[in-house]
Every structure is written in C-alpha cells, then in structure tokens.
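Before we start, here is the structure in question, set down as structure tokens.
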Amino acid sequence: MLEELKQKVYKANIDLVRHGLVIFTWGNVSGIDREKGLVVIKPSGVDYDSMTADQMVVVDLATGKVVEGELRPSSDTPTHLVLYRAFPEIGGIVHTHSTYATAWAQAGKDLPNIGTTHADYFHNAIPCTDDMTAAQVQGDYELETGNVIVDRFIREHINPVHTPGVLVKNHGPFSWGKNPDEAVHNAVVMEQVAKMAFVAYSVNPGLTMNPLLVEKHFSRKHGPNAYYGQKK
Amino acid sequence: MLEELKQKVYKANIDLVRHGLVIFTWGNVSGIDREKGLVVIKPSGVDYDSMTADQMVVVDLATGKVVEGELRPSSDTPTHLVLYRAFPEIGGIVHTHSTYATAWAQAGKDLPNIGTTHADYFHNAIPCTDDMTAAQVQGDYELETGNVIVDRFIREHINPVHTPGVLVKNHGPFSWGKNPDEAVHNAVVMEQVAKMAFVAYSVNPGLTMNPLLVEKHFSRKHGPNAYYGQKK
Amino acid sequence: MLEELKQKVYKANIDLVRHGLVIFTWGNVSGIDREKGLVVIKPSGVDYDSMTADQMVVVDLATGKVVEGELRPSSDTPTHLVLYRAFPEIGGIVHTHSTYATAWAQAGKDLPNIGTTHADYFHNAIPCTDDMTAAQVQGDYELETGNVIVDRFIREHINPVHTPGVLVKNHGPFSWGKNPDEAVHNAVVMEQVAKMAFVAYSVNPGLTMNPLLVEKHFSRKHGPNAYYGQKK
Amino acid sequence: MLEELKQKVYKANIDLVRHGLVIFTWGNVSGIDREKGLVVIKPSGVDYDSMTADQMVVVDLATGKVVEGELRPSSDTPTHLVLYRAFPEIGGIVHTHSTYATAWAQAGKDLPNIGTTHADYFHNAIPCTDDMTAAQVQGDYELETGNVIVDRFIREHINPVHTPGVLVKNHGPFSWGKNPDEAVHNAVVMEQVAKMAFVAYSVNPGLTMNPLLVEKHFSRKHGPNAYYGQKK
C-alpha cells in the first residue's frame, strides 16, 4: 500500500540525518496521497540506523486512525494532520529540533527576512507561534500545536506556499513543501537562514533589509516570471 | 569479572568520541553493578584509540579501592562513587568537557529549561554547583566535587532521575542514567541544549519559557502516562 | 571549445562544495579567456553531484549571449560580466552564500581588516555595497548588482587586485582572482575572516587593528618584495 | 641528517590539519635538537597534501642560516628561533591561525583562565602581546614578533613551561611544548579554551573563576604531586 510514497517518506527522513538536522530520533517527515486521503509518516522513536521503508505508518487524514503499519506513528502525527487539512496545497511536512531554528523558536521571535537567501525561499519573516494556553497544552496537545500554527497563518493572511515554514514557540521548526523532498529542502534552508541571522544580528543589532530585494528574489525563483534554474 | 559491564562501559566511552563530546582523554564513563557493589570505570589518561574493554578498572563502591585492573582508574573516580552512593537509582555516569556545556559551567549559571528539547529529558534547569571552598579543593578534591553536586540536589529537593545532569562550576558537565548508554545519551542532550540556549539568549536575552510545556513534554516521555516511542 | 577552461571552472565549482561554502546550488564560479573574449560559467540550478565539465556554459563577454552550451547559464552571469569588464586584471569569479560572509553582508557592514589573516589577502576592509535603488532592482537586476559593486570600487579608488572580494548588501559575497582557482581560494579566506571577525567583535566590541601590520603582511605576500612561500 | 626529528616535525604538521587547526598553508611546526643546536621546520607555503618529511628544512639555531634543505623555511622561522633561544626548556613550537584563538588575538585580549580545562594545561591567562612599534614591524619583523612575545614573559615573570602559549596581537597563537607533539597538543587546547571562553562570556559577561581550582588542576597534572594519568 502506497509503496512509492513510503519510499519517498523514508528517504526524506534519512536525508534529515544526512543534512545534520537530526540527533537521535528528534525529527520526522510525512507525505500525503491527496486522492486517497492518506498520510505516510515515520514511526515514533525508531532509530534512523535500523529504520526501513516498510516501517512507515499509514494514517487516515480525516480520522487520524492508523490504516497500515505495526508501529505507532510519530507522536507529532496530529500536528501534521492539522497542517495537511488547513493547507491543501502541501504534500510533505518536516519537523526537526535543528540547532539554530530551534534556538530562534526558544527565543520566541519571528525569524526576519534579512537576506536574499531567505527571500529565495520564504517571502516574509518565518513566523513564531503564540504561547499555547493551558487548555491547549493539557488538551489534545499535538493537535493544538497544529492549531496555533494555522491560527497565525489565517489571522495574518500568510500564504503557506510562500512561507513554507514556522517556528513553534519554545519548541522548534516545522516546514513543508509540495512533496516530502521539498519539505526537507525547506528545513535545510530554515536552519541555514536561522544560523546566518544569529550571526548577522550579533554583528549588527540594528541591521536593515532592503524590501525591494525581498520581492525581486522571491519572484525570481517563484511565480510565473521565475527565471532561476533550468526550464522544466 | 563483570565482562558484560566492562564491554558496556568501554562502548559508552567510545560513543563519547563518536558524538564529538571528547578531545584527547577529556572524558570518562562508568557503570555500576548494584548487587555486587562494584563500579567499572575508564582508566586515567588512556587514549581512546588504543583503549580496550579489558583495560576498564573495577572499583569497590564502598571503599573506592581497585578490585581488578592493572591501570589507575580515572582521577574522577571519587566523584562517580559519591554520586552512585547518593543517587541509588542511577546505573551509569558520564563526565566530559564538551564545548557548550563546559562554557555554561564556566559561566557559572544554571542552564535554564527554555525549550521542549530540554524538557523532553530534564524536568528543570540543569543546576550549576556552588563555588568550592578552600577546605574542599585542598582536601579530597574529587570526592568533594561529588559532594557539592549532591548538596545542591538535596538542598533544593532536585530529583536526580528527573534532572539527570549537573554543571560543576568552572569545570564541566556530569550526566547520568539508568545505565552507561543512557548517561551518554543525556550527555549528548546537555551539550545540544547548552548550544541552543547560547544561541537563543544571544538572539533574545529576555526570552521566556512557557511552564506548561515543561510539564507536558517531560510527562510525555516519562512517567506512567508516557506516550512517546513504541510500547515496551 | 575552451575545454581546458571548462575543466578548470568545473573543478573550481566542485571545490566550493569541498570547502563547505555551498549548500544545494547556492554558488557559482566562472573563468574568462581574455583573448577570445569568452566567459565559461556554471549552469543555473544544476546539482553539483550530477554536474559535468561538459555542462559549463560559454558566454560572450561583450554581448552576454550564450555561445555554447545546452543549459541556461547561472542567473548571476550578468554580474560576472560586469566585473570582468570593469576589472581587466581578473580571470575568475566566485559567488557563494557562505555562512559567515553572507551574515556580514546581511549585517550591511564592511568587513574590517582586524588581523594578519585578512591582511595576507585583502589590503583593506572588504567593502559592503550600498542599498540598491528601485530602478536597479526592478531593472536589469543582476547587471545592476555588478554595477553597485564596481561603483564602490571606483568611487573609493579601491584596487580590485588588492581587495579581491566584496559583500553585496543583504545578499552575499563575491570574490575573484587571476583564475578560477584563486577566486575560490579568496572565497575560502573571506568566509574564514568573516567567522573570526564575528567572534573577535563578540569578545571585544572595541578592538583595534595595528595599521602597521596591514602594510607589512600584505606586502609580505604581494608585490615586488614578497617573501612568503617558495620562489616561482 | 636529523631524520627522526624531521619525521616528528612532519607528523606534527600533518596533525595540525587533522585537528582542524589549519586552512591551506596557514600553520607551521618546528622541533629542535638542543645538543646540535639545529632546528627543523616546515618549508614556507608548501601544501600539506604533497608535503614529505624530506622537505623539512634544517636551520642553525644561532645564525638562522639554512643548514640543509632545498626549500625556503617557513617565513616565521625567526620567530621560532627567538623563542628557542629565550625558552631553553622547550623542544617544539607551533604557529597556526586557528579560528577561535586567532579571534582572541584579533580582539587583543589575554585569554583568561576561567575553567579547569584551561587550568589543566595553562597556569594563568594566555597572554596577548603588546602592539608592535613601527621600528619592530618595519625592521626584522618576524624576529621582532618573537621579541614581543619574550618581552611579555620576562616583564611579568611568566614561566613558559607553565604557560605554554601566547596570542600575538592582531595575528594569532603560538604554542610550544617539550617536543613538537606536545606543542600541537597545546595548540589544540588553546583553540578549544578560546572557543569555550567566547561562549562563556557571551552567556555571562561577568563570570568569575575560582582561583583555588586553578592551583588544584594545574598541580594535579603538573609538578611533583601530579596524579592524573598512568605512572610513567
């Protein structure tokens, strides 16, 4: 069942390790089959070294029930499902505790768009979510983690395709993309821009970004007039 | 004698190097056989490259005397013994001079719990010990190093199982766990949360932690209602 | 056509990855044949893993037209061409988004000459360009990026042979040299001095440089009385 | 001639690369035969990849003349010779531009003894030299670099055996030891304590060191009552 997607999700999980974004089991990737309404996700707490594509767990998008797989799905599965339901354009989601993006999440600050590296992938600041309430934390916590993300995007009319990532306050980054591979790509970008912003603000706390560059670089890689890379 | 434990302690010492926590011989791991009252520990100042499991030294928990082994035990052995005597739940101890955890120890500050990565493993701040007195330093120094650790835990009713690590002021981190492998795991976590906290406070010196997340994440991985990972 | 130069440009691009200056496709190297008036440059958005020397694109220095190659040249090609036209002494150009040099570019500050490592290669501060105007960004952006670089060098009489690199504000570093290999070498130096300057200013925001050392170290490696290295 | 020492000096130079202290050719190691009054040192500007033990250059301690070798000795040779003449106890010297130690040298500050890692190897702060004068820089520069180092040690009665390293202001670190291997060892320690001090002061600019620990840790590894490591 969904062997091809399982293979992609498995490979994307391994790529997290290869890119240095994950220690131990601190990360997970999922992918979705929109037609079937099924999500494939990494099992919870399984070592990357011994993990196989067969162990990926299939979960129903609507109900959250496990449809196939002998292991428990990632404990963050409810967060992934909320994001897939709210953002119909996305096909893959990544969660990590990567060093610099997590540090910004712990700092509780939006990660500002201060360079073309950021603008090539993220149109605006990468938002940091609000503090979760007692009702949210003590209730269905992982589902509510998805809700605080979606709340911020809806409230401020942030387009999740143009801003494919978020910092969950005091927790860490989530990123997404049109498939699991692109979600991993965006997780790497978030970590790198978080590291560069840490250094840049240390060097110059009063730095400014040229807003013209944001529009230029984002549109150079995205939208109808993109001209970066090879024609596809 | 204790061949299986020697093998585990040896492997845990090698893992410190693999995880990048140790330069030269600046680290040691021990494990305990509670029934026999014997501790197995790395020899002092021996290169990791040439070290073998056979070289691990067996020491009596009560007396500190070497029971087996041709080499001197780690000079930090008396610290390990004090911790094993004071914290009967623990089965393995690690000491390193890992970069970021040691920097926090040099800074002389408790490492605050500012994120879920920390809360997944350590219930509270990782405490930093008091300054040692002349009597302590000039007396039985390594034993007194253990005492300043234990003093802090007893005085503030810190549960060593819920806070499996400490920073010795101007020195470096100790961590522990139910066995040597878990103690190494916690040493890796300490180094990573120390690094992330360094970055987070640089980005936002006035950052705040949501206390609700501390309880949630700690109980998600620990205690009777834990639901992270696979059922065991 | 230009097989030897293609090989050199290809190798220089691969060296960027080997030196840790490039993530994904975020970098490009070019080289020039001054006699023929032709520039060889990396294709746009092609993975380094699958890239071959044959894929290097040949572009006319005067017109910017592709003379040979089936792929689109790097989107930064017009920037390279402006630099080759303005700086007739140079034979190779590198652009990266390397972490620390890019952070300084995001900080919008000249990278000061504060040590002999810097002075061994760059006579003065590595300049950071002005903010680009709406006309520049919305016009022929990559060409104008070259122009803001050249403007700064001309306006302040900076010798591009003695200061073989620049920070484009909110964007990242460009470096150059007498051939592609030397341009890569200078890119590595820029990244390293950017990292050391970040640390040095964190340790001592009021640090000062001895101007005598600038002259001494620069002339020790450059000019008629150079005495570093072996006689050539 | 001096084949064994050449082999040791060669190996020590390669170890600098292995320990990540050197980029390109930015480092050199020498060793001395005190009986013969001859110093063996790395040739200037030679790649580490292609370097062989045969290429090490033999220089006369008293005159600085090359006694054997077809290549020019390191341009820093006169600095090494001044140190060998002033500090008769030492047998090997290292110079690098390693990242964090060089950053402290650029910051122009003594590297304070703020932890037991430092105290295990360096009894006091690692001193940073004075600014060099015009006469020194424009005269016999590399020899005068040695003189500013020695001046500081003599003026403040610093024992070079107990403080086996120095930061040359706006330049970088020199370290030494009883042989080339120990000099490399101390170079690794300086880089690591420089990195930890950078982080520690960022976390707590007002940190304090317990002076009792300095004495304890230094004497634990050095002097007649040392008890770290195995009996020799």
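In order of appearance the chains are A, B, C and D, and numbering begins at 1 in each one.
FYI, contacts are C-beta pairs under 8 Å (C-beta built on N, C-alpha and C of every residue); 3 or more make two chains touch, one makes a residue touch a chain.
Values in this document were obtained by computation on a predicted structure and should not be read as measured data.
Colleague: If you average the CA coordinates per chain, which chain's centre is most distant from that of subunit B?
Modeller: Greatest centre separation from subunit B goes to chain C.
Colleague: Quick one: report the Å distance separating subunit A from subunit C, using the average Cα coordinate of each chain.
Modeller: Centre separation, subunit A to subunit C: 33 Å.
Colleague: Distance between subunit B and subunit C based on Cα centroids, please, to the nearest Å.
Modeller: Between these chains, centre-to-centre, one finds 47 Å.
Colleague: For subunit A, give me the residues that contact two or more of the other chains.
Modeller: 197-198, 201-202
Colleague: With chains as vertices joined when they touch, what's the shape: line, ring, star, complete or other?
Modeller: Looks like a ring, each chain touching just two neighbours.
Colleague: Going by the contact rule set out above, which residues of subunit A touch subunit C in the complex?
Modeller: Touch list, subunit A to subunit C: 114-117, 185, 188, 192, 195-204, 207-210, 212-213, 215-216, 220, 227-231.
Colleague: Once bound in the complex, which stretches of subunit C touch subunit A?
Modeller: Residue positions touching the partner: 23-26, 43-46, 71-72, 75, 97, 99-100, 102-109, 131-134, 137-138, 141, 169-172, 197-198, 201-202.
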